[in-house]
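Should a chain be cited, it is by its letter among A, B, C, D, E and F, assigned in written order, with residues numbered from 1 in that chain.
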Amino acid sequence: MTPMEQGLGKARVLVEALPYIQKFAGKTVVIKYGGHAMVDPVLKESVMLDILLLHSVGIRPVLVHGGGPEINSMLKKVGIESQFVQGLRVTDAQTMEIAQMVLLGKLNTEMVSLLNRFGGKSVGLSGKDANLLMAVKKPMQMPNSSGKMEDIDLGLVGQIQSVTPDILNTLLGQGYIPVISPVASGEAGETFNVNADTAAGKIAEALKADKLLLLTDVRGILREVSNTDSLISTISRGEVETLKAQGILSGGMLPKVECAISALDGGVGSVHILDGRLSHAILLELFTDGGIGTMFKGDA
Amino acid sequence: MTPMEQGLGKARVLVEALPYIQKFAGKTVVIKYGGHAMVDPVLKESVMLDILLLHSVGIRPVLVHGGGPEINSMLKKVGIESQFVQGLRVTDAQTMEIAQMVLLGKLNTEMVSLLNRFGGKSVGLSGKDANLLMAVKKPMQMPNSSGKMEDIDLGLVGQIQSVTPDILNTLLGQGYIPVISPVASGEAGETFNVNADTAAGKIAEALKADKLLLLTDVRGILREVSNTDSLISTISRGEVETLKAQGILSGGMLPKVECAISALDGGVGSVHILDGRLSHAILLELFTDGGIGTMFKGDA
Amino acid sequence: MTPMEQGLGKARVLVEALPYIQKFAGKTVVIKYGGHAMVDPVLKESVMLDILLLHSVGIRPVLVHGGGPEINSMLKKVGIESQFVQGLRVTDAQTMEIAQMVLLGKLNTEMVSLLNRFGGKSVGLSGKDANLLMAVKKPMQMPNSSGKMEDIDLGLVGQIQSVTPDILNTLLGQGYIPVISPVASGEAGETFNVNADTAAGKIAEALKADKLLLLTDVRGILREVSNTDSLISTISRGEVETLKAQGILSGGMLPKVECAISALDGGVGSVHILDGRLSHAILLELFTDGGIGTMFKGDA
Amino acid sequence: MTPMEQGLGKARVLVEALPYIQKFAGKTVVIKYGGHAMVDPVLKESVMLDILLLHSVGIRPVLVHGGGPEINSMLKKVGIESQFVQGLRVTDAQTMEIAQMVLLGKLNTEMVSLLNRFGGKSVGLSGKDANLLMAVKKPMQMPNSSGKMEDIDLGLVGQIQSVTPDILNTLLGQGYIPVISPVASGEAGETFNVNADTAAGKIAEALKADKLLLLTDVRGILREVSNTDSLISTISRGEVETLKAQGILSGGMLPKVECAISALDGGVGSVHILDGRLSHAILLELFTDGGIGTMFKGDA
Amino acid sequence: MTPMEQGLGKARVLVEALPYIQKFAGKTVVIKYGGHAMVDPVLKESVMLDILLLHSVGIRPVLVHGGGPEINSMLKKVGIESQFVQGLRVTDAQTMEIAQMVLLGKLNTEMVSLLNRFGGKSVGLSGKDANLLMAVKKPMQMPNSSGKMEDIDLGLVGQIQSVTPDILNTLLGQGYIPVISPVASGEAGETFNVNADTAAGKIAEALKADKLLLLTDVRGILREVSNTDSLISTISRGEVETLKAQGILSGGMLPKVECAISALDGGVGSVHILDGRLSHAILLELFTDGGIGTMFKGDA
Amino acid sequence: MTPMEQGLGKARVLVEALPYIQKFAGKTVVIKYGGHAMVDPVLKESVMLDILLLHSVGIRPVLVHGGGPEINSMLKKVGIESQFVQGLRVTDAQTMEIAQMVLLGKLNTEMVSLLNRFGGKSVGLSGKDANLLMAVKKPMQMPNSSGKMEDIDLGLVGQIQSVTPDILNTLLGQGYIPVISPVASGEAGETFNVNADTAAGKIAEALKADKLLLLTDVRGILREVSNTDSLISTISRGEVETLKAQGILSGGMLPKVECAISALDGGVGSVHILDGRLSHAILLELFTDGGIGTMFKGDA
């Protein structure tokens, strides 16, 4: 191919994207970023470029990130060991301090740096900034040895009570891309660790976002677990119960599915479960006809 | 290629365009549209899609169109014959009426239709709307049989005196794409035909546009006339006189070159002479490194 | 009279107009302009001056024009003959092209020129600009020779489906006077001819206009057809059915009356049927107590 | 004349006013109101109607009033006698209190009432509101019996030091008509009586007004004092010295002329000395070709 | 105490006020000012300083003043005697003129002066400005000698019909402190005297104010009339009827109580009856925990 | 004292603060917070309350913090040892990562929490957010063993090249209090440690701040080092050189003085060196006559 032909090919790709660009212009898209895509530097760059492209065609992206492995590694470095209850880390003050330092002082600021280096205007936030996320202690119960339910103290694990999205609207209105760490404030000023998927969902609701994208380490919802060709592209709100009854929405995907349902019911237009291990997963989902993951669609 | 691979390829193209998109976001680009690109329906569509893509990535495009062949054909249909003096049509009131009907009532509205059908918000204007273009009768002299210079009356051929770009700023500020016919008002309310290149240049100046693109039926400025490989990609304002002296800027290109120089001197950032016969010429010029035509660049 | 006395007389007239000016300040008035007033150059000027005066005292006028005779004359010039079905011209593509050229490229731009020459800031639009008017093919049926109803194909005669008044609000908000040609877009980008009265009425509804003025070639609604002294000045929405039953609203006036009723029901404050053959008919209607035509008044 | 003919005559007067209306739209006009026009109830109403008409055609009028006779009558009622030095009332605290009550609590509020009753939105102010007018004690000297110059204490007679027009811009921007009493604040909070002509001039300067109108009890500047046919319609800034030298600008008119010159030099476009004893003097001056008084015009 | 210790003490007081400042920031507070606080110059200054402090911490204060004693003294000076019917002054035109001069031309402007001298930006208004207060004649009936009810003509005593708060919103939005005299316009342009408490209440309603403060010459509502220790700090809307039944809300306080109830029912957040004879009564009420007067609190 | 007397005393303190509040309303004040005041929890709270009080009276505070001791303690915890060259820590990537985690993920967010808990709306930023601070590697030279100057590599110690204050203006305009960590971005996306005093100074310049407050662990500039009674309250820009020559501006204070001079020369109104060990040092400096530290004042 001559350079002219190559150029022409590229121009055609751009023009083919036009209907998608026009369709999403001005929309708010909240992206939960975590898992493998946050560890692999090539994927990390690919995610940031996707977000900048969305922004450059008039979409208002908001990034909410997770951070498990890095927190573990830092806790180890300073010699703190954690206990887990049903997969949740019991979080004492020391642990919370380390978690917050890693989330906000390392991961968040790294993403902000990347976005800005590639020409964006990004601002990092924690849920404590401008009281964005207010939380209370997450209640938990477990049967004790004699089978009676007992309260379990998870420490500073929080459950989001309210979202004040003013700061996000201010930043989005000025063209900034907000990057948010999943940390929340309690009434008494304490710091709570909150689940990043849930935080992204609640923020999407508060912003009346059009889309919530959850980057995961799976292909999406599969009709048959071990067959990636059995990916379900679209699930309407109304089909959820049936699919649950069929055992298709189950196991490890259930928390993500619950998050998706809650967001839809809270007014978000659609929720997408994507495979963050794929390059440019976000663009592929938004800018191709079928998309590459599973979209949960509100009934309205 | 699997659909996934194809998608990935397209995503990469989009991401490669990011630096160009970021560079031009918010800029005003005036496009003179005429010649072959206005006759061939495939090219016409390609130009409109290019403009819509520019718009969708945050550029503010303004379209100024010509219209020669269609006017001729309509004049013929109604039985009006024209005289030409040095390539300029002597324009009596009847001719002007037909010209205006074709320009505004046919060509302009066709482009507006196309842009709107492809998802844009476009508004057609003539230079008479909101006093956008004010003109006076273009003065002309020619030697008579005894060699003495004599005034020639070209009728309603106008020379632009002033541009009032308020209406364009209003429309651009609300996301509309203006399409402008090269017709101007005289002080006494008369209608003047004005040169479309000049109109585009003056409008670009008045808007303090970043770029003026002139779509032509040639490849650009060639160092050797018959060798399209000898295309000069960039000419700085300072080099113009040398190139003129070398005879490289000459002949049929001279009016376009004069228009370019005048726009640069009036504050336009760069002026591009493009080959409108190429598909997606506008995108190729703006969104590839070398571009495909000749860019005249201001010295500042 | 001394010049001082003359001046004083004029000052008194201005001051007498004050209550009307105060009453209408800030109101939107849509004016359908057609018939004799569009043919006679003295009346044309009188209409334009009336509109400019309205504008200068704080009213927001919108002009919608018709154009029958000029279209006919141009069709004749280029040798196109038209068929009519129940008074509607069967409009093929060629006819539509000529109609559009005359409406937009001649009549509309002439009014814009006049308004601007007298000190206004006017902008011409067709219904295709900014998707102002969207239409579908007008359905029609007629009995065939055997008396059975059959679909009649009127070609590009359109029926308005929706009005997007954003461009009008943008222009009015900046002090421009919009002049609109009765041409609309179809979904597939085709061009439809639409009835100018209906267009004016739909636009008045979409703008939540206070008044719709229909300039006609009759005095208004007469109680006795041949007695101009029997003019009815005001008809409330509630009286319409009675007057229809009495045969007073009938015949050639019926389409205008239907247009008026539809606009009232769509929220326009009042609809006025005026005699456009009278000088300054618009000012006389708005700025004198009784007015000179017939006002249909909403019940609310 | 039939009512229709009468109506038509009135419509023509309105349309004739159009060029003046267009010329003055958006301009700020400060009007000093005093003398006979403030005493005669018919003239008072005529002035208020003129001001409302100006306002209704887009002019921004500001009214500054005087109040001599009413203050005298109130002082008499409460038994205060005044001393005068060179025509200036020596103003002790008691006198100032009465003057202020009459100006602000009676005259100002009466005008506001009239303007509002005729459909305007007017707000009364004194120069003390929002620190509009700040003044210092007016210095004065007179020769004593032995011919030596001595300071004379005029009491609370003030000389304007600064104008803070913010409150006027706020009110004008919202469509209110400000009516201002000539009272100013001193640094220490004291109240000063200031000359109404001077106050109007200084306010016109601070507002960068286009026109200052001084309503007086004379015809304007006459070339021959006793010949009202010798009225000079226009005096340019450059002619002033010559006319002074000729004794034409002299005597009782001199303070008004000085006020006019000072305002012109401060940037006001033109200053008009009008005969307030004539009905509708303001409209006659602004809306007829020659005007009825004398206009001082800046050279720029 | 060293100066440093003194400073520290003061800093602590400021910091202690922080929660109150934060609580009231942006709120609108209407203050009825009258009685002893308007006569004593020290108290007058204290009230003005309190208002300026409120303003400086982000509260939007509006001042409505009364003026009894000063009006009486001026009426006496000019020899007008008044009749009273059930405590209301029969107000003829002459009396109204004097009242208005005193209220607007003396008292109002004095407060404006004080506020401005202490660094504020204040503007004086009467209810006639911008049609702020429209009133009708207050109806009254009394039994005549034979016990039959008869209409009593109170002259220009008015009853407020409507409040147009636009001018207040304009001024508050620009940081001005409005000071309002209790004078209203009638439909026919006449001037009515209105009760200042009622005026303050109606204005508070129209502004949707958070608080209405009534400065009086009593301590507030006392459970036992002669025991100032029996002050009731808070009365909820629901308790009012009970307290009336107990005779606690009775006598001279009843009009104030009715005013408070009416304001609460009209949407004002709380109404406070304060002792204006105490220095800094306003600050003490708003910025201390218990307050110093009686607060009537809406139920919502 | 009775509670009433106490209340009155407090009210008087508030009113005494009025002139200071009025003087500083709307001004921007940048505060460098570090040293002892950042370690002692009581002082920390006192600083935050001072800042909230400033904010509540209309001042726009910006907080820039340091963080030495906490970084050291964390470096120790993870076993990283630092080298120092002329008091500057040689900062490798690992050290920078820890420093950034402590600054942004611990100290900054703690202050944000405190401010928000006390009723503020605060947002934490690093200099990398929105490209607020861009830096280059700080050049350094030292004589080597043979006395020749040699470049010293300090690692990621940065020198500020440019400040983009847009994000601060956005946040301040919406009532947020920004808290900034002294970390900057390099062109290539690297992270630089920058001096907090310098960062505060450069930010103050970029914001055209009225005041820069440097909280230190000394009383201010003393004429005699060991005599705290010899504090110099005000130093004008012009006096600086003399005081340097006298040896009064020297030693440990020199860097702060240089920072002050640079800010003054960059357009900041005044720079204050305060003793952060004193409770409410900020209020004492701004809201008492003499202040408690040393103010450097620009000459303009």
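Heads up, the rule we're going with is that a residue touches a chain if its C-beta (ideal position, glycine included) is under 8 Å from a C-beta of that chain, and two chains touch if they have at least 3 such contacts.
Model, not experiment: these values are computed from the prediction.
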Next item on the list: Sort the other chains by how far their Cα centres are from that of chain E and give me the top one.
Entry: B
Checklist line | Centroid-based (C-alpha) most distant chain relative to chain A | finding: D
Item checked: Length of the line joining the C-alpha centres of chain D and chain F, rounded to whole Å -> 55
Notebook entry, point to check: Using the average of all C-alpha atoms in each chain as its centre, how far is it in Å between chain A and chain D?
Noted result: 69
Margin query: On a C-alpha centroid basis, what's the spacing between chain B and chain C, in Å?
Written below: 36
Notebook entry, point to check: Tell me, which residues of chain D touch at least two other chains?
Noted result: none
Item checked: Touch-based graph of the chains, sorted into line, ring, star, complete or other -> ring
Check: Can you list every chain round the ring, opening with chain A and moving on to chain B?
Finding: A, B, C, D, E, F
Item checked: Residues of chain E defined as touching chain D within the complex -> 77-78, 97, 100-106, 109, 112-114, 116-117, 121-126, 128-131, 166-167, 170-171, 174, 176, 183, 185, 188-189, 191
Margin query: List the residues on chain D that touch chain C in their complex, please.
Written below: 3-4, 7-19, 21-22, 25, 46, 49-50, 52-53, 56-58, 118-119, 278-280, 283-284, 287-288, 290, 292
